[in-house]
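Shared between the two complexes below is subunit A, which pairs with subunit B and subunit C, respectively.
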Partner chain A sequence: MTEVLHYIWLGILAVFNGYPLFTLGGIAIPAAPIMVCGGLLTGIAVGATPGLAGPMAMAIALPILISVFGFTPDALLPVFGFLIGIMKGATVGGAVPAILFNMPGTPDSVMTTLDGHPMAKAGQPRRALRIAQLSSVTGDTFSDLVLFVCAPFLAVAVEAYLDLPEKTALLILSISFIAAVMGNSRGKGLLAVALGLATAFVGTGQALTPRLTFGNNDLSSGFSLVSVILGVLIIGEILIGIEGLWQASRLGKKKEDAPHDPAQDDLQPGDIGRIAPYVARSAFIGTIIGALPGIGSTLAATLGYSLGARRHFKRGKPGDTPFGEGAPEGIAATEAANSAVSGANLIPVLSLGIPGNAAAVFLILAADSIGGFNPGPQVFHFTSPQVNPELVTAFGIFTLMSIGNILNWTFGGRFMRAMGVLARIPGPILLPMVLLVTLTAIYVQQTSFFALWVTMGFGVLGYVFRRSNIPVLPFVIAFILARPLEQNAREAFSATGGDPWFLFHSATSIALILAAIASVIFLGRKQAES
Partner chain B sequence: MRRMNTDVMLGLGVVLLALLAIFIWVPDDTATGLIVKLRGRVSIGDALAPTAAFVLMVVAGVLIAFEGHGKDDVPHLSLANLRFVGLFAALFLVSVILMRWTGPALVGLVHLLGSTDASYRDLRDTVPWKYAGFVTGGTFLVTMLMSLIERRLSWRALLVGLAVTALLILIFDVPFSDLLLPPNGDV
Partner chain C sequence: MKKFLKPLTLAAALLSLSFAANAESWTPPGPIKMMIGFSAGGGADTQARLIAQAIENKYGWKILPEQITGNGGLNLAKQLKSEPADGTAIGMVVSETLTYSALSANQPGLTTENFTPLASTVAFQTGLVAMKGGAFDSWDKITAAAKAGTPIRFGVATDRWADVTYLLGKENGIDFNIVQVKGGAGVMNGLRGGDLDIGWVGGAQSKPVQQGEMVNVASAVSHRLADSPDAPLITDLGSKYTLNGYFMFIAPKGLDPDARKALGDAIAEVLNDPSTQAHALVVKNFGGPAVLTGTALNDTLTNLMSDSQNLLAAASAN
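Then we have the complex of A and B:
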């Protein structure tokens, strides 16, 4: 226990005594807390702008952050601080245009429009925004607390009980689960995974001649992580957005501008007590869903809202505003659920090295670019007297998340309410701008036009995926996990003396493989039926 | 009820491509086979992982075809989608050409006029040469995409394009001497 407390203290010190941003009156001001604050404000602004999303801001910020802080382990916490701030801020900010203009800022705030916008239209926009912010921050904080407790235990259990064959089986289970639960077709989920794996195997391998390159030297080190991720996730989304605007202009569609009543209003007496049970239930649902890799916050929001509506229908009093017509409980149920996903999503990242959503992918990308921190079970080695620097970084990340929550509780709401103006930025300006910013960010990292071509190629692939209803996240996650999977399998195969049945030696790995098969068969079928 | 819809075609196409990869591409483009025996030690070869990925792709293709069979309406790429992608790719291509060649072309022009003997490579770290390609290519991309969306060329689109490239120069190039804007990492 003393060791744990010691590491928690070292994590806090790493944040407050780490990389100084500047000195003020002879006192060094640490970079990491300032970066959390900057990231949070950026995230709220990005979330409040329809067409932008947290991962886009992360993609653009990463090369700038790395240029500022360099490639040393000292850079890890300031860079993570900014990215975590964006992650938290974007979740809160997405509610702003959903409530004020009936335009979801992020996909997971679609359900917020159902009650948030009617409440705003009824002349209570400030009340709706305050309920959204309170619920969102409560859900996020609860989820973070679960992360702080669960991630170390899970990692220690994995290290203690899982050997190389079991770890290989666990990676197979993760990939199968993601393929099964994302999208509405298990075939398309599996196709995304298979393509992600195949893409990751290009140019890698152990032989001196790189594999699957068609003799192209530029591919001898494989596709770069940055180009693939930004191409599929960001460029693909931008293409869809630009095409949507192009078609809308051909049809002469005008953006619906909902009336906005600027009347001053605020939380009503009894609002907190009224939304508390809904927030608690949705925070729990969001945390459970967030801890499972691949299941996004949109499902959490939908589930939280549906269960909230059922409860409201059964227990609501006469005279209560029904769900869908501006019920405060509806806003609370949605916002608490989708925000509770973000912290829990880091449980599989930090404890197993398995990313669960796009924001987690960018944290792994940052760790991979900077070096000195490899998310996975080995992080949580409580070594003594030698200090495990990766564990200090992990507790530093927990500290940064706590700072983010405190900032979100204190001034996040005020900043969020001021961001309504960003929803007015026209899409025809925004999307081409974001495209050029993303391409420039990639070029300054890779300094090669080849990287731009690769990115654009994967952008078109991301576009085709979206148009054909093939989920993109399984592709990205399979791409990230492919090399650890192959490496683990190689080592397990060698360690068992070349036994081709190494995955079926222990009861644990057999159970994990059976779970992988069952997830594709049963979860996939449920998805298809729904 | 349609027996052959785009999902069935997608599934069959995926199966065909995956089989080509398994039997032609992977054996032809990997240095070691599925299993390697070297000095009595057995290890996994470079071909095993890609082969496994393509086998998974065959399964995926069969499932897609099976799931899509008999469905009336499935999301798919339309001709309008392909036209949009083609248009976008053309704009991107012209933008990259402008980024890559504007600077060297300007230096070549100045060279012809006899004002300098230096090549673009010698001048790529000096203003205004280092920004020439980025400003023209970047402005072109933003302006043309805005014009595509709005279905008309406008001065506003040009001004936004110029403002965005100027902003990016201020963000990426002015404060950081180690970052290179396009095309200066390639020339």
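Then we have the complex of A and C:
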């Protein structure tokens, strides 16, 4: 136990004594907490801008951060700080345009418009924003606490009970699960996963001659993680956005300007007591959904809202505003659920190295680019007296998340209310800027024109995926997991003395494989639900 | 544009050549591209970047580090070969890349004689490592367990390590389950997590050994390990081969001897200077600097090359 406390303390120290940003009156000001703060403000602004989303800002910020802080392990915490700040800020900020203008800033806040906007229209925008902020931050904090407690135990349990074949089976299960639950068709999910795996197999492997490169030297170390992820996730999204703008201009359709009621208003007495049970329930739902990789915050928001609506219908007093007409409980149920996903999503990332959503993908990308921290069960080796630097980084990340929550509680709300104006930046200005910055970012990191072509190529692939309703995240996650999967499978194969049936020797691995098959058969979401 | 640039670069090259008549005064004709064949953030990468930084500080040469990883350093070698041999492109690899790996991948164009070796930085301190107090923390325990029929998982990081392991097992009548993982860090993670029983680590085991977490069961190089002077050499345990090797800087073939000397001396200078961070790092993590330049380096590489040829012949004959 003292070992754990010791590591927690080292993690806190690493944040506050780490990389100094500048010195003020002889005192070094640590970079990491400042970066969380900067990231949080950026995230709130980004979330409040329709058309931008947290992952996009993370993608743009990452190369800039790396060029500022360098490739040394010292850079890990400041860079993670900024990214975590964006992640947390964007969840809160997404509610702003949803409430004020009936435009969801992020896909998760679609349900927020249902009650938030009517409340704002009724002359209470400030009250709606306060409720959104309180519920969102509560959900997020709860889910972070679950992460802090669960991730180390899960990692230790995996190391203690799972041998190489079982770890391979677990990776197969997570990839199948993601294929099944993301998007609206299992077939398309499996297709995305298969393409992701195939892409990752180019140029990698153990042989000294690179495979599947068709003699192309540029491919000999494979497609780079940055090019693939930014291409599919960001460029693809931009192409879709540009197409949408083009369609809109062709049809001559203009977005109507929502009226803004400047009436002063604030939390009403009794609001907190009224929303508390909804927040608690939704935070719980969001955390459970977040801990399963790949399901995402949109389902959490939908589930939180509909369960909240049912409870409200049953127990509501006469005279309460019903759901859908500006009920504070409605905003609370949605925001708490979608925010609770973000912390819990890091449970599989930190303890198993399996990312569940786009934000987690970018955290893994950051770790991979900087080096010195490889998310996975080996992070949680409580070695003593030798200090395990990865574990210190993990506790540093927890500290950063706590700082983010404290900032979100205190001044996040005020900043959030000032961000309403961002919703008015027009797409024709925003999208080309994001495109330019993304391509520059890639060139800065890779210094090769080939990397730009690869990125554009994957951008077109991302566009085709979106147009054909194929989910893009399973592709990216499979691309990331392909290497650990192959590595684990190879290790398991040779560790068992070259046994081709290594997956079927222990009850655990058979159970995991059966679960993988079952997930594809039973978990596919029906078309209607999407 | 190209027509115009070509004579210009030629003129610049000629000009720099005439300046380079005196080795003392050789300066790179432009920024030096430093290719690093190891993944970002690891010990080898940090070592290369700190050396680059120290040379920049000391000589004022501009160095641009760049990661070119994959295929055991052969990707880097291939790319470095096409760079100009004027001192503006250098690469950091392990000696194994240009000897065993190039031979094994059947890439005769990537062996030592196709490059200009500049300087070695540190020597491998490879040991056969196991968790202390575990079932395999001495060679006697390992052989006894193997005789009793216990399968033994042996972690290796390269094909060469795997070949040496296989032949060592053969000499002792043991059929190891040889598991190839990612680098020495991968071997140590495997040992800690119980996925591996024993494995080779090329120097990073020093700290856990000093702190009593792991033990060096044997030394895989031709001298005893500083941390474990009592551990036998693997050549005493029946192996005909060692895992000697170096981290080293190379340049394309045909580099001007003055440039070679200037670059080699610069690397030696900053590594042997106790005030640099590079020196501190290699003392802490790699058993101290082991800088060879010029003919001493050539001779060492010739020996490593013939060792690799013998090892490959023996491994494929078995």
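Methods note: the second predicted complex is superposed on the first by the 524 of 530 C-alpha atoms of A that agree within 3 Å, B and C clash if a C-alpha of one lies under 4 Å from a C-alpha of the other, contacts with A are read in each partner's own complex, and residues count from 1 in each chain.
To be clear about the criterion, contacts are C-beta pairs under 8 Å (C-beta built on N, C-alpha and C of every residue); 3 or more make two chains touch, one makes a residue touch a chain.
Quantities reported herein were computed from a predicted structural model and do not represent experimental measurements.
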Query = If you stack the two complexes on chain A, which partner ends up touching A:217: first (subunit B), second (subunit C), both, or neither?
reply = second
Task = Name the contact category of A:209: first (subunit B only), second (subunit C only), both, or neither.
result = both
Ask   = When the two structures are overlaid on chain A, which partner does A:268 contact: first (subunit B), second (subunit C), both, or neither?
value = neither
Inquiry  = Per the contact definition in the header, classify A:463: touching subunit B only (first), subunit C only (second), both, or neither.
reply    = first
Inquiry  = Tell me the contact category for A:381 with respect to subunit B and subunit C: first, second, both or neither.
reply    = second
Message = Let me test your reading of the model: by the given contact rule, A:17 touches which partner, first (subunit B), second (subunit C), both or neither?
response = neither
Task = Applying the touch criterion given at the start, work out whether A:242 contacts subunit B, subunit C, both or neither, answering first, second, both or neither.
result = first
Task = Tell me which partner A:410 touches in the superposition: subunit B (first), subunit C (second), both or neither.
result = neither
Task = Give the label of whichever partner, subunit B or subunit C, reaches more residues of subunit A.
result = B
Key: subunit B versus subunit C as contact partner of A:447, first or second or both or neither   = both
Remark   = So the subunit A residues that subunit B and subunit C both touch are 206-209, 447, 490, 494, 497-498
Key: Contacting residues of subunit B [partner subunit A, same complex]   = 6, 10-11, 14, 18, 21, 25-26, 29-32, 35, 41-47, 49-50, 52-54, 56-57, 59-67, 74-77, 80-81, 84-85, 88-89, 92, 96, 99-100, 134, 138, 141-142, 145-146, 148-151, 160-161, 164-165, 168, 171-172, 176, 178-186
Message = Residue numbers of subunit A touching subunit B in their complex, please.
response = 63-64, 67-68, 185-188, 190-191, 193-195, 197-198, 201, 205-209, 211-214, 239, 242-243, 245-247, 249-250, 427-429, 431-433, 435-437, 439-441, 443-444, 446-449, 452-453, 456, 460, 463-464, 467-469, 482, 485-486, 489-490, 493-494, 497-498, 528
Query = Which residues of subunit C touch subunit A in their complex?
reply = 39-42, 45-46, 49, 66, 68-72, 74-75, 78-79, 101, 104-107, 151, 153, 159, 175, 177-182, 189-190, 192-196, 207-208, 211, 213
Task = Using the touch rule from the top, collect the residues of subunit A that touch subunit C in their complex.
result = 71-73, 159-160, 163-164, 203-204, 206-210, 217, 220-222, 369-373, 377-378, 381, 383, 385-386, 447, 487, 490-491, 494-498
